[in-house]
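Let me give you the structure first, and then I'll get to my questions.
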């Protein structure tokens, strides 16, 4: 029982949603399911958030290494949660009550977002500029034919992205203008890149069809069986 | 911005919108006032001085392949709605329920528009529509009435019939090979380096006494890539349990955490080591993309996992993770179906499963005949796709001389259809 | 911006000798120092390379940081090449008629802002110059703040704008692609009100807008999912609306397949944005250089690209040297 | 962030530097930034989901506000029931019930994705490849041949059940080259994006933050 019911739920939901694509009266289901998912994930947050708090509080109380940082996390969590849930300092509260725009200018939630979350997010993201340099240095070496193709293609695009490429190949006569970097890089992006993308996308679609069928048919169900029976 | 100035702005916004509401009401009043008494027989409006020419050829047809809640109304533009004239400001559309002569206005569109979709109707009801043009000064033309139309619900979307046929072909071949895969009969499968390295990578971590890090992507369970990641996690966790190593699975979504716990627990049980399972090694971090990345970076530099798996949906963080993993000397096996991130994994990881290979991985790792059979079904799909690409290109080449315009898939298939004598 | 740095009470005494030159574009002294440092650093990396030593990643990080920081501080401006892909968007907007409506969807968050915000601002300015009406929306929870920033940035140039008549902001609705599916045919079902709860019907510019195709042009600017791909799939394909897009450079190659059928133009990354700014400046000279955010960052971009190309060349030199040495010893 | 408070700007700058310090090595400042980031952002999304999904989508869906004219959408209760089942995980006796919503989501995702990707990835991509091979100019013709050959050989590379040998192996090799060109091109094109982010951050540090810093002391 404990195994069969989930399996039936998977089969039925899967097949119904596949068929819904072709049956107009069922079309709304596809939208409803997305909303269901959002509602379920809010409930699931109790589990996720619970686990986050549990692990960090355990660290704090048992004074394990780095417990101080765990405490910071817990405090940060509750502060932001309170500011948001109660919409503290939200100028629209006066008129709109709890329907006020969560991110209204001037609300403490938005202020904390601007001062803490936004810069942290942007800074973490911008680390990529450094990592892209170290990765290029390490990975773009002509070790074999595949790597050489990768390297050459990347190099041409890099040149095409700036005026450097234009200057470098500006001397070429018109009858070989195809090989001018600006044309070559556009051709790489619009043709060769397109072909590769298509092969990847078609492959992915086939992979998804096959894997979805394995899941729906219950051949692949390691992800939901774990139980004690 | 201080709270005070914010308040003053919202008051300003309020006043502006109130004002514009009044302007709008004043402007549209003459139009709306006529709604109730316009009927088919009432032709006085046409005699209004300066009334624009009415639209012609008003058609109302049931919207195809829907649940019977919509009608498409179309018309030819009023003579006064052409370049040079343009004193028509727009059209008003009226509707009556069959039998009644009462036409209610249901909407208006701007000039140069010749269609209107009326939605939210009742299925099985018969309606009649009429359309008038109007000018900015409020004169409305005589309404032109359409024939009656009954909304119908269709049970099959015939626009999608090619999708259906192809899906049956490809899905059917996958299912055929799943159920005809015979046990014991060895099927040929090409090697995928990344998957052959899985066992070795786990073994290495065990020897070094360091943990394994598994990231099932940064999407939630509503992404099929995450599900693919979980199916691989099942196989990896089983081996980890057998080797008595340790696996960390930080997740970016709560649901993914729950699913990962189920998966790993099941794997430990299958391996007969449920006592070694630690739920707290699989934990939710934060839904914030880069907050999650910051945390995983921390885990990598502090716990120094010997092997990192990145299998699922990845975005910009792919390179941050892979470069940090590289700096701690971990063996890295990645796989994603995000085309934009594949280059970074290919560049920075030891092994990368490209797109389709990610979805095939759990079948490969399981070694079960049925699962492997599905891969053969996928290959049949590839043959169909390649054939469609080649035949389609050839047909398009032949057809292009006659000016055949093939833009969409359906168009292409109708093209094939017409070559074989159908349609046209 | 940079001027502000040197005006601050702490820094101005320190930098006052430099201030006068730097604040007027390419400051000779400051940029000379920068270029000398840059060339010296690259030379050192090159020296290490031919000596057969790998360069440590932290050195690369440091060089990268110095390169970009230097280029930002000296404010070098380099030429931009125009492309048809961007031109198409500009021309589409240029050819719309006064009063036409444009839907601008900003689907990104602060981390995508450096690249995409300039596009949103330039397109908004262009639309307003043409007296088109703009409706802003976003599919990202964090996009609301982006819209607010864009409006703050353009307001001073167009003091006569009236909310609800010339532009409006319907804000964010949760639901990702589900939102798009719905608005393709029924705009009001998802957006019955604007961001602050005003009923859409009371905004004069929104009369007659029932679905996405009622906008003369849609410009979707985005950096991920849901974003441009979803716009194409759920709005353009089913409804046939006319769309142009602005993509973060990272996702641009994936979007090329949609050009020109499903979207008639695309701005890719800062380069696309700076091209748009260039076109805008040419058409409307009042937009002087100091406003061109994306153009401003193309200088640092170029220097960073050159540095990266040099790194790749060095890496291959060291690889072949190592191989040769290995071959000689074997 | 033009109107952010001076203190907000100050904090933002410090946090930015804290994150950058990770490039040198892991350190206490980075750890603090990381801890703040995790706590604050987890709560941010909790609140955002609470209001956008639970309040706006669900609550206002089943109990529409007066005057909106909408009918209560009873289907939404299904989502809520599944959500509550999810919480059963916390009660050991009936924690197996939490597998139901999970099973629902996995089935739904499989079904939805199968169709979406089949139509958008497979069908549309195949359809767009169906272009006339012979074009007006030599280069355009070369281009359309490239796309067709690249797509087919790329697919050959992905074949699982056939050994990459002989002609087939040669085609697969061409296929992997096409994939490599794609990866190289994407990588190269992305650099600009990544640099913009850094430029954005540095610009913030040098202008807003430094100015603000000066004014504060």
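Side notes on the structure shown:
Each chain gets a letter, A, B, C and D, in the order it is written, and its residues are counted from 1.
In this text, contacts are C-beta pairs under 8 Å (C-beta built on N, C-alpha and C of every residue); 3 or more make two chains touch, one makes a residue touch a chain.
Predicted model, so just to flag it, every value in this text is computed and none were measured.
Shared contacts of chain B and chain C, meaning chains that touch the two of them, come down to A, D.
The chain with its Cα centroid farthest from the Cα centroid of chain C is B. For the pairs A-B and C-D, the larger set of C-beta contacts lies at A-B.
Chain B has its Cα centroid 15 Å from the Cα centroid of chain A. Centroids of chain A and chain C (each the mean of its C-alpha atoms) stand 20 Å apart. If each chain is reduced to the centroid of its CA atoms, chain B and chain D end up 13 Å from each other.
Contact of a single residue of chain D with at least two other chains is seen at positions 1, 3, 19-20, 22-23, 31, 33-34, 37-38, 40-42, 44, 46, 48-49, 52-53, 57, 86, 89, 99, 102, 105-106, 108, 110, 113-115, 117-119, 122, 125-126, 128-129, 148, 151-152, 155, 158, 179, 182-187, 189-192, 194-195, 197-198, 200-201.
Across the assembly, chain A contributes 18, 21, 34-35, 37-38, 40-41, 44-47, 49, 52, 66, 92, 105, 113-114, 117-122, 124-130, 132, 134, 136, 138, 140, 150-151, 154-155, 158, 161, 189-190, 193-194, 197-198, 200-204, 206, 208-209, 211-213, 215, 223-224, 227 as residues in contact with two or more other chains.
Shared contact sites, meaning residues of chain C that touch two or more other chains, fall at 57, 61, 64-65, 68, 111, 113, 174-175, 196, 250, 253-254, 257, 261, 271, 301, 304-305, 308. Taken as a contact graph, with one node per protein chain and an edge wherever two chains touch, the assembly is complete, since every chain touches every other chain.
Of all residues in chain B, only 1, 162-163, 166-167, 170, 187-190, 221-224, 227, 255, 258-259, 262, 284-288, 290-291, 294-295, 297-298, 301-302, 339-340, 342-344, 346-347, 354-357, 360, 375-376, 378-379, 382, 385-386, 388-390, 392-397, 399-400, 406, 408-412 touch chain D in the complex they form. Residues 10, 13, 16-17, 20-21, 23-24, 28, 90, 107-110, 117, 119, 290, 315-316, 327, 339-340, 407 of chain B are the ones touching chain C in the complex.
Within the complex formed with chain B, the chain A residues making contact are 18, 21-25, 27, 34, 37, 40-41, 44-49, 51-52, 54-55, 66, 89, 91-92, 95, 104-106, 117, 120-121, 124-125, 127-128, 131-132, 134-136, 138-140, 150, 197, 200-204, 206-215, 217, 219-220, 222-227.
Residues of chain C touching chain B in their complex: 57, 111, 162-165, 185-186, 196, 198, 202-204, 207-208, 210-211, 224-225, 250-251, 253-254, 261.
Residues of chain A that touch chain C in their complex: 31, 34-35, 38, 92, 96, 99, 101, 103, 105, 110, 113-114, 118-119, 121-122, 124-126, 129-130, 132-134, 136-138, 140-143, 151, 154-155, 158-159, 161-164, 166, 182, 186, 189-190, 193-194, 197-198.
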